[in-house]
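Structures given as structure tokens follow.
Below, subunit A partners subunit B and then partners subunit C, in two separate complexes.
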Partner chain A sequence: MAVERCLEATGVSKQYTDFWGRPTVLAVEALDLVVAPGEVVGLLGPNGSGKSTTVKMLVDLLRPSRGSIRLFGRSPRDPLVKARLGYLPEESCGYPYLTGLETLHFYGRLQGLDGSRLTARVATVLDEVGLRAGRERRVGQYSKGMQRRLGLAQALLGQPALLLLDEPTSGLDPLGRRDVKALIRRLAAAGSAVLLSSHLLAEVEDVCDRLLILHRGRTLASGAVGDLLRQPQGLRATLPQLAPERAAELLAAIRPLDEAATTEPLISRLEAYFLAVVAAAGAEGRDA
Partner chain B sequence: MRSAAALAQLTLRAAWRGGSARLVAALLLALALTLPLVLRDDGTVAGRATLLVRLSLTLSQSLLLVYLGWLAADLPARERSDRQIHLLQTRPASLASRLVGRWVGLQVLDATLLLLVGLGLAGNLTWRAGAAPTDRAPGPTALQTLAAWRRYPGQPDPPRLPPGGQQTWRFDNLAAAPRRVDGSSRQPSELRLRYRPRAAGAGPQLDWQAAGSRLSGAVTASNGVVTCPLPADTDGVLTVTNRSPREVVWSGRDRPTLLQPAGGFAANLLRALLLCWLQGGLLAALGLLAGHLWEFATAACVVGGYLLLAVHVPWLPASPRAGLAALAVSAVAPLVQTWPVPDLAAGWRLAASPAAALLAGQTLLCLLLASLLAGRREAAGGEPV
Partner chain C sequence: MLAALRPVREVALAAARSAWRAPVHGVLLLLALGLAGLLPLADYLSFLEKRRLVADSLQALWLLSGLAAVGLGACRTVGDELRSGVCGLLVATRLSRTSWLSGKLAGLALLLLPWWLAAAVTQLWGSRLAFDDYRVDWPAARLYWALLLLAVLLATWRAWRGHSFAASLTAAVSLLLPLGLLALGLLPRGAWSGGQLLDWRQLPAVALYYPQWLLGAAVALPLALVGDAVPTLLAGAVVLALGLTADALLSGPVGRSIGWLLPNWQPFQVGDQWVRGGASWGLVQRAWLAGLAQTAALWQLTVAAWAEHELG
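After this line comes the complex of A and B, so read on.
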């Protein structure tokens, strides 16, 4: 029995045209993509490579010029499909005159929630994105990171089976990024499928099971992150307890195995260092 | 339903918190307070009250229509340019429910503001009716005067009455006029005609004959308006003899018109406000559609153009044979006529007329064209509708 696919795109292309129908930009070309439940897939590519165009086609904001898109085996225009979808656009787009809480209530009602279910759901997503403290402030006064968190919160409102996130961590501080990455992993573990676009390599590497590299609309590579990055030859050993003065000793011991072996001091990544420093300073940090 | 309610609430919040609704409410209040101070009337309670009602309603409704049209076009257009449309379109709520929700929100706003106008007006007039009237003779108070009248213009037109001449007029729709609740007879009527006095003195001496019985000349003239009370059973044919030494000619708006009282002041004010509200609803719907299809500048032009057209209707030929344009435009005529309250039944007759069908056809065609254009714009990479 085939597992239900959350998302299946075959041969999807998007040709932008001018008013008279003359082609201008071929933003996406013959894209094939499948996302299964519980999977996190990353769309990776430089600026202008067609990531946002792809996501917009998947949520029916743009019509593909060629190819077919099925979400949960149906057309993306189907309201049943939309009810199971969460979308975070590239740019934040709340109503500046509403407070964060009102914004979520508004989108929740459009999603079909009401009454105590809505209130409970709003409280949950506010906690999940760490926006509880700022919920009574007007969206127009939000910082960029807060707006991003609000965008994420509205995407999560309907407990979506498929989440499409266009650059979810742009504008977020490292703590926010860490939280969002953890959130995405949690959602995937609970069975949701997530498709996220980004040009931050570390982020995609950390959180995605599979990735797709786009360049000028064409798919350059796709597959499981582990498979794509694994080098069939070679090995890296980490010895966190070994003092750097003993590197010569170690090299001498392993040179007979591999002539090209090298050693270098263990350096932590800036992100890990930053998080450790902030944690040490006792910053609570989860709430924006 | 849920999403429509959410959109209605959003619309109200946008208007209130954006400050525009507060500004308009303040302007309406200022109008209600200052208008009585600057008005110059003919010195009678009735004259002043009529002037006040007409001016208040006309000015307030003009302001309200412009505001509603602007708001209706602006909200959806801004939703697109600020990209909030992306989050609306990816929800299961349909476009229709979103449009309905917005429209309901605008209509609630309109109703609230109209209520403000109505309360201001009624309060003002009640206060003035209580104040000492400037008329020397004890006359009707303002509120009594302001009962609206149903109008039956007489045929033929223009009537020309030489001295000693006789003229028979038919008042065509009189037979269809509503009867009293007990069904026995019609309400008492009044014949009213306006003339421009060429010489000082009383108006023409006229004798009236209605339903065979002679009713000689209880004619009163005030401010060029001749009124003559008629019995309740007037049957729609009137014979008039001119006993004055000069010819009398009436035409156009001055021609003899049979008037029947159509409700008291409060009922009429409510009807007028309802009419204003319906007009606002029409404009709001138009503005919303335009705002959904085009960016604000274009949508505002469409709405403004429609308003201009509607305001200029009285200057266009009213005859149904006066050309297709006039025909189509006549369907929006009620937009400028709120007092005296026009016969609401006329609106239904209009809706069933060829003019309305033509207008509906044109609207459909425009919508089709607009949706084609919108489709094109999506292909060109603009935001989808």
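After this line comes the complex of A and C, so read on.
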């Protein structure tokens, strides 16, 4: 039996026009995109590459100039599609004069939840995004990171089969980014399809199974992350820390195989180093 | 049917709550209530016309401040929501565009309810303050200002506790001023002979504030969809001015036909009727129907125009 495709876009283009209908910017050109259940796909590209335009076309906020978009085999306008969709826009997601809790109850009621089901679901998503402590504060007083968490929380409320996330970690600190990335992986493992757009390379690399690189609306590269990043001409071996004389012996041993072979100390990524330092400080604080 | 209306109700409640909590709403309401308390105390230098002038000036005050409230409310709940992305989020995943627009109009209608109550109370209160052409009913004036001050203090205390000043003020005046109106009956009348304490003939005029404001909401809604606050309010003021002068400016069959297309506020102006002994409830009913029909027509046009609008 064929696996249902959560999202399928074929030959999608978006040509913006001015007030008089004259073409201005070709924001997206002949985009092909498929997202299956349990898959995390990344749209990667610099600012102005067409990522947000693509996401907005997928949720029917913008209409494609050419091509077709099907979500769960239906038009994005179909109410049945909307019910299975979670969307985190690039902008904020709340009313400044409502509290975070009121905001989530509002979104939940619009999704058909009420009573104890709504209360329980709101509590769950607040925990998932780490916003329980700030739930009684007004959204207008939220930091950018808290607003992002609130946006994620509302996107998760309806337990969507397809999540469209526009810059999900924008404004989050490294701890928040780590949590969100882990959350996305958990959702995918549970069967949700996720499409995220970002200009943060590490974010896409860490969580995505496949990616598309967009530039000025055109797809420059696409495929599985591992395939795209693999370098067939090179090989990296990771060894325990060696004394300098042992490293020199190792290099001498492999140099006859290839003159370009080198050794260098293993360098940690700054994000991993930062998280380790903060975690250690947290552990010390608890001990104290 | 009821299930289909549920999203509209949710959007309406959120819109009204959001608008009530906006600081500008509190400032505007306080300003209107302050002026409504001051106008009957002004010396109009007119013999036997004070009551009519007070009634007219209060009528103008509430018409304009209600329209300002609805204009600002539209900018707040529609314009800001469009620009912040909340509208896009809602229509992408949860609502039809028609439900969202209907909810916004209903939210603005809810926003206006406390204004309507405040207008009714102050209009009656003003009639008591201006009951005598040569004197002011100071006990009634002192009670009004004391209650307004108490409402401000309560709202400030609530704001200090982390709640919204504007929403608290709205709740406080909605509770305190009607109670004060009831208490007015217990106050001494002063030296002049009795007569009516409150001029209930003003209620038909007050009843007509609401359809005028609703019409204002139906005008402000499409403007807020395409513009910022200042252009919205300016364009709304132009439409208001055209509507107020439609009968004078547009004569002849062609002119009258064009006049029908404008939101015409003139059927609601019943000041002259009031001078002749009060507007009849039949007139109020007809004006309400006309107002609702115009509001529905404008809303329908807005829905049709916005159905294919892109939300980039």
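Just so it is clear, the second predicted complex is superposed on the first by the 278 of 288 C-alpha atoms of A that agree within 3 Å, B and C clash if a C-alpha of one lies under 4 Å from a C-alpha of the other, contacts with A are read in each partner's own complex, and residues count from 1 in each chain.
What we mean here is this: a contact is a pair of C-beta atoms (placed from the backbone, for glycine too) under 8 Å apart; a residue touches a chain by one contact, two chains touch by 3 or more.
Bear in mind that the values here come from a model prediction, so they are computed numbers and not experimental data.
K.L.:
Quick check on the superposition: with subunit A as the shared anchor, is it clash or fit for subunit B versus subunit C?
P.N.:
Superposition result for subunit B and subunit C: clash.
K.L.:
When the two structures are overlaid on chain A, which partner does A:G115 contact: first (subunit B), second (subunit C), both, or neither?
P.N.:
neither
K.L.:
Touch check for A:T17: first (subunit B), second (subunit C), both, or neither?
P.N.:
It touches subunit B, and subunit C stays clear.
K.L.:
Between subunit B and subunit C, whom does A:Y97 touch in the aligned arrangement: first, second, both, or neither?
P.N.:
So A:Y97 meets both subunit B and subunit C here.
K.L.:
Could you say whether A:L62 touches subunit B, subunit C, both of them, or neither, answering first, second, both or neither?
P.N.:
Both partners, subunit B and subunit C.
K.L.:
Among 200-208, 236-244 or 308-316, which stretch of subunit B shows C-alpha clashes with subunit C in the combined arrangement?
P.N.:
Only one listed stretch clashes with subunit C, namely 308-316.
K.L.:
In the superposed arrangement, what residues of subunit A touch both subunit B and subunit C?
P.N.:
16, 56, 59-63, 79, 82, 85, 87, 89, 91, 93-95, 97-98, 102, 106-107, 109-111, 154
K.L.:
Please output the residues of subunit C touching subunit A within their complex, sorted ascending.
P.N.:
6-7, 10-11, 14, 17-18, 21-22, 81, 83-86, 88-96, 164, 308, 310-312
K.L.:
In the complex formed with subunit C, which residues of subunit A make contact?
P.N.:
On the subunit A side, the touching residues are 16, 53, 56, 59-63, 79, 82, 85-87, 89-98, 102, 106-107, 109-111, 154, 158.
K.L.:
Would you pull the subunit A residues touching subunit B in the complex into a rising list?
P.N.:
Listed in rising order, the residues of subunit A that touch subunit B are 16-19, 21, 24-25, 56, 59-63, 79-80, 82-83, 85, 87, 89, 91, 93-95, 97-98, 102, 106-107, 109-112, 114, 154.
K.L.:
For the complex, give me every residue of subunit B touching subunit A.
P.N.:
Residues of subunit B touching subunit A: 2-3, 5-6, 9-10, 13-14, 17-18, 82-84, 86-94, 376-381, 384.
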